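Listed after this line are the structures, all set down as structure tokens.
Here chain A shows up in two complexes: once beside chain B, once beside chain C.
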Partner chain A sequence: MEYLHSLSLVVPELILTVSGLIMVLFAAWGGAAASRAVSIACCVALGGAFALVAPSVCAGASGLETIAFFGQVRADAFAGFAKLLIYAAAGAALVVSSAYFEKRGAMRPEFPVLILFSALGASVMVSATDLIALYIGLELQSLAAYVLAAYLRDDDKSAEAGLKYFVLGALASGILLFGISLIYGFTGSTAFDAINVAMADGLSGGELFGLVFVLSAMAFKISAVPFHMWTPDVYEGAPTPVTMFFASAPKVAAVALLARLSLEAFGSQTAAWQQIVTFAALASIVVGALGAIGQENLKRLLAYSSINNVGFILIGLATASAAGAASMLLYLLFYVAMTVGSFVGLLLLRDADGNQLETFGDIKGLSTTRPALAWCLLAIMFSLAGIPPLMGFYAKLVVFQAAVEADLLPLAAIGIAASVIGAFYYLKFIKVMFFDEPVDRVQGKADTWHWVLLALSVLVISPLAWLATGWLGNLADLAAASLFIAG
Partner chain B sequence: MSGFPILSVMLLVPLLGAVACFKASASAARTIALVATLVDLALGIVLWANFDIGGDQWQFTERASLFAGFQWALGIDGIALMLIMLSVFLMPICILASHSIEKRVGEYMAAFLFMEVLMIGTFAAQDLFLFYILFEAGLIPMYLIIGIWGGVDRIYASYKFFLYTLLGSVLMFIAMLWMANTAGTTDIPTLMAYDFAPSAQTWLWLAFFASFAVKMPMWPVHTWLPAAHVQAPTAGSVILAGVLLKLGGYGFIRFSLPMFPEASAQFVWLVWGLSMAAVVITSLIALVQHDMKKLIAYSSVAHMAIVTIGLFSFNTQGLDGAMIVMLSHGLVSGALFLCVGVIYDRLHTREIDRYGGLSINMPKYALFFLLFTMASIGLPGTSGFVGEFLSLGGIYQVNSWVAFVCTTGIILGAAYMLYLYRRIAFGEQKNADAAAMPDLNAREWAMLAPIAAAVLWMGVYPESFMAPMRNDIALLEARISRAQPASDARLVTGEAAPAAAEEEAAAHGGAH
Partner chain C sequence: MIQVLAFYLFACLAVLSGALVVLSRNPVHSVLWLILAFFNAAGLMVLAGAEFIAMLLVIVYVGAVAVLFLFVVMMLNIDFAELRAGFIKNAPLGALVAVVLLVELLVVVILGQAGPVTLGTPDGSAAPLLGEGNTENIGALLYTRYIFLFELAGIVLLVSLIGAVVLTHRESRAIRAHQNIARQNARRPEDATELKQPESGKGVSL
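== the complex of A and B ==
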């Protein structure tokens, strides 16, 4: 019975696993010809998993019923909320990748399968309530991601991105394992709730070291300063659809995992990690903003922008409160929409031969030659800068509201003042598109699906979405509450 | 009118207009924009006509719980009514003044109509966060207006405008979050009656000051204004000077004073000092300008300092004066920018030396220009006089030195405005091309005549404008009187006046 109950809780993951394995067989025998069919099948699998997770999020699943496999994973509303974002982002990556790789003659069926496995790993990460399950999920997600980064084998930059990502990722995994072993050694358990209890009587030196190592490894995964150095290179080198995936699904998973780890496993020692998170938050905001200023390449710019955004999300975590966790989820939601939107916008920048354009010089005066695309990008950039009435502002509002409620006024004040630096380079994006003389390099045609995705993302961040804030806020509150109602 | 959501409709009309303009052709966009703004003007007149003077403090209120954590809450008092009227009055004129815009007309008109939505919404918002959203969203259309349709240095000006005002506002945002958390409500009328602890007020006041001082703009954070004005198209300057600058003053009167009276009193020296510096320094700067728009921009800073002086005199007279200066400056500086626009359209230069003797070939233009010049100086009979007299009268009751320094602004104002007028309208016609310019056409008449009428009306019978605000100013005065700074005049009533006080008062009086 217990196993049956556990299995019923992980049905979405099972669907992804089984369909992933079947797709591997298809890929092996079908060859390149099967790639489109495999893509569509993977999208369907993700859609199915999405549909299965959605009810538990709406119902705010929490408590003992959500624990599976004797406390290895938990399928609560918090995990569910993150999973919805992961599946949506992975699906979006699949939708835009076909056209991109077919143009380069590199579309093979293993690409959608890798995305699927990476999403599966991410899905395990967000529901993990045990350090071992956490590590398995993380590695499954990362291994697929290393391959994805180097997917364009004959492209030097892509190969370099894959190698950099792998070497540094492996280092981070090593740090993580070392931290896990310390924590296991000093607390005697790998389960989050047992660690929490063991740490409640004060933090021993070994536990503190373990905690710092684990958090450092997580900081690498979410590309928070000072472990962010790989991000611009990998984001620039990886194929654009893959970059879009990296900036969304794995990041959501790592952030959600970090939140669960900090609030559940280390929940009894918030003071120990709060200062680390506070430092990482402010450093990410400032470095992300300053680093972006000199960039000419749009993908690098968006890489710094994602570092900057992670800083704001970490402000939510630094509050160590339910409101903070809810604000992180809301921020992630709009962050995913903005990320997908901005990368789809980049993918639509093609010259007459279908080559991708990715520097500021190419989008000069885009608003006169391609007004629809330019206005969509304008909305996304103002949203990223956090200018009302766009939803990027709402994301910042909830995060800073949580910070103020937790009496972290200096953090809030410095964080928001630093966001003005970030506004500078988002403005540059708009300035180049709207104020400069047109160069008319963007010529390529785009298929409908790109436009559908772009329109959807813009709709999510448009002022219309204010009307949904009541509903979304409620969902996020329920999800965050499920973290704090320990089973 | 009860039940009809007139404020929401006033927001909806230009919003729909903006959407329609977006894709429309140039001539269609001009028509749509003009119609939308005229409809809003008509709605504004209905609003004023139905405003019950002496009735409830908040009228035309609307409430709808649409969002998480805050409400769609609208409502106006007399102060907001007057500023909304100023906005809807100037908007059709701005649309007419945009005749010379040829580039991307649809998007231009859409930006202006969107701007109108945000301005009316800011004045009508009764929820803290709703106010902030509308207040801050104005950056987007203004950034585009300056950046796309501006002059040579438009990019520098647009960045400066955007980043300056954003930095000011985000700190206010944190303060708002703290207030909402502490008071447990985001309802502005409730917050206006809420007593924050005096120690907290200090920080909150400073955070709000950071935003409003930049928007106002007060010296020394005014430097974005000349840059933005010079580069903005004529209509952009009119909106910037006419309405956007009023957001700062409105913020002081709606937030800083009633919500933090003790802190306002505590920082009164700061406001006075900056205002005195602004009046003298920016007036002197205006005196040496060669660019007409820059000159008027600096004069705006000086006038706004008179507003802050009036606001922070803590008495009815000063508050009344500050409001009238805001309305008057909205009309007059808007009109002056229009006057500059009229000759700029003909000669495409703002260099003062390129003109001269225009009263010979453009007598009607020279007449209007003279009227607005005089109104800017504050000649009795024009709106400028009423406002400046009341403001300075208000501050004189509290501090005669501040009044003394600020009154020099009137003299300096006369100096730079008359000097400007002499160089443009009088003297020889030294430039042949300037001498050949035709006089006002019908469109320009339609722009300038209504403003001239309003300026004279406000100057001759200001009661029409002060009556709706009287109750609100009285309430505000009652709210802040407990923190009123002591007057340096040390008025003594009754017969038993000690001799020493008399002597000192005499000595003080003698100083002037």
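== the complex of A and C ==
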């Protein structure tokens, strides 16, 4: 009975696993000709998993009946919310990747399979309530990601990105394992709730070391300052659809995992991690804002932008409250939409030969040559800068609101000040696109699916979405509440 | 007392050889030190009452992984003369590691005579369950309580396999020269050769 119940809770993961395994067989026998079919099948599998997770999020699943496999994973509304974002982001990456890689003659059916397994790992990460499940999920997701970064192996930059990501990621995994072993050694358990109980009567030196090591490794995975150095290089070197995937799905997973780890496993020692998270949040916001200023390459710029956004998300975590966790989820939702939108916009910047254009010089005067694209990018950049009435503003608003409610006024104030600095380079996009002399380099033919994705993400961040904020806020509150109801 | 002595012996040697893995400039030496480090870790595991993990360390890590490392490191620079010279140069170190391993084996055998080793944690709270070896315990837990994570670990390995193929496998058809017999037979002399009769004193343009 126990196993049947557990299995029924991990059905989305089972769907991804089984379809991934079947797709591996198709990839082995179908060869490159099967790429498109495998891509579509993987999208369908992600869609199926999405549809299965959605009801539990709407119902705000929480409590004992969400615990599977003796408390190793939990399929509550919090995990569900993150999973929806992960599946949507992975599906979006699949939609845009076929065209991109076919142009380079590099499309093979292993690509969608790796994305699928990476999404599976991310999905295990967000459900993990045990350090072993955490580690295995993280490794599954990262291992697939290392390969994806180096996927264009004949391209020097892609190979460099893959190697850098792998070496630094392996180091982070080592640090994480070291921290996990310390925590296990000093608390006597790998389960989050047992660790919480063991830490309740004060933090021993070993536990503190373990906590710091684990948080450092997680900071690497979400590319929070001071562990962000790899981000611009990897984001620039990796193929653009892969960069889009990196900036969305794994980041959502790692942020959700960090939230669950901090609030559940280390929930009784809030003060110990709160200052670390606060520092990482502020440093990420400031470094993300300042580092982006001199960048000419748009992908590097978006990498700094994602560092900056992670900082805002961490403000939500630093409050250590249910409202903060809910604001994180809402921020993540709009962050994913903005990330997908901005990278799809980048993918649409192609010259007459179909090569990707990636610098500010290429988009000068885009508004006269490609007005639709320029206006979409304008909406996304305004939203990233947090200018009302776009939803990027709402995301920042809920985070700051949670911070103010938790008496973290200085944190909110510095965050707002730094977001003004950040607005500079988002506005530079708009200045270059709308007020510079047109260079007319963007010639590439439009792809319908790219436009569908771009339109969808612009719709999500458009003022129309204000109508849904009540509903979304309710969902996020339910999800955050499920995190605080001890199983 | 004997356990404490053995613990410090294994622990010091493990730390020392671990440091030497990183510090030695010769990669072959590094792997040899690594083998020693694995072996000492196995000794520590025996002391902690985890004989199954100790066996895994010796059989899997020393027996397979480290030897594979050694092969790969030696393959990196395939110069046989140098390899032979390298063998002679590395022999003393290899012999030293072997002697240390032998001494440790003897220590274990002699200590084993002195009675069963039960160490675990200082207060013995983490000692293995009575009546069962921890091999049985691990087997029972791995396939029941931890089945989900165990299967996921299998997926991780599968992903690394796919990744290795994706990054290294090349469709070699374009590079390798194929003999197309039908095309060879269909080729006539007049396709390949041309007879010209140049006037004397003039060349031919090809």
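Note that in this section the second predicted complex is superposed on the first by the 487 of 487 C-alpha atoms of A that agree within 3 Å, B and C clash if a C-alpha of one lies under 4 Å from a C-alpha of the other, contacts with A are read in each partner's own complex, and residues count from 1 in each chain.
FYI, a contact is a pair of C-beta atoms (placed from the backbone, for glycine too) under 8 Å apart; a residue touches a chain by one contact, two chains touch by 3 or more.
These numbers were taken from a predicted model, which means no experiment stands behind them.
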item: Which superposed partner A:Gln401 touches (first chain B, second chain C, both, neither); value: first
item: Touched partner set for A:Met391, first chain B, second chain C, both or neither; value: neither
item: Partner chain in contact with A:Glu139 - chain B first, chain C second, else both or neither; value: second
item: Which superposed partner A:Val73 touches (first chain B, second chain C, both, neither); value: second
item: Partner chain in contact with A:Ile416 - chain B first, chain C second, else both or neither; value: first
item: Partner chain in contact with A:Phe117 - chain B first, chain C second, else both or neither; value: second
item: A:Val24 touches, of chain B and chain C: first, second, both or neither?; value: second
item: Which superposed partner A:Gly470 touches (first chain B, second chain C, both, neither); value: first
item: Touch list for chain C against partner chain A, complex; value: 126, 145-149, 152-153, 155-156, 158-160, 162-163, 165-167
item: Chain C partner contacts - residues on chain A that touch it in the complex; value: 3, 6, 10, 17, 20-21, 24, 68-70, 72-73, 108, 110-111, 113-114, 117, 120-121, 124, 130, 132-133, 136-137, 139-140, 143-144, 146-147, 150-151, 153, 162, 188
item: Residues of chain A that touch chain B when the two form their complex; value: 368, 382, 387-389, 393, 397, 400-401, 404-405, 409, 412-413, 416-417, 419-420, 423-424, 427, 430-431, 434-435, 466-467, 469-470, 472-474
item: Chain A partner contacts - residues on chain B that touch it in the complex; value: 65-69, 104, 129, 132-134, 136-137, 139-140, 143-144, 147-148, 154-155, 158-159, 162-163, 166-167, 170-171, 173-174, 177-178, 180-181
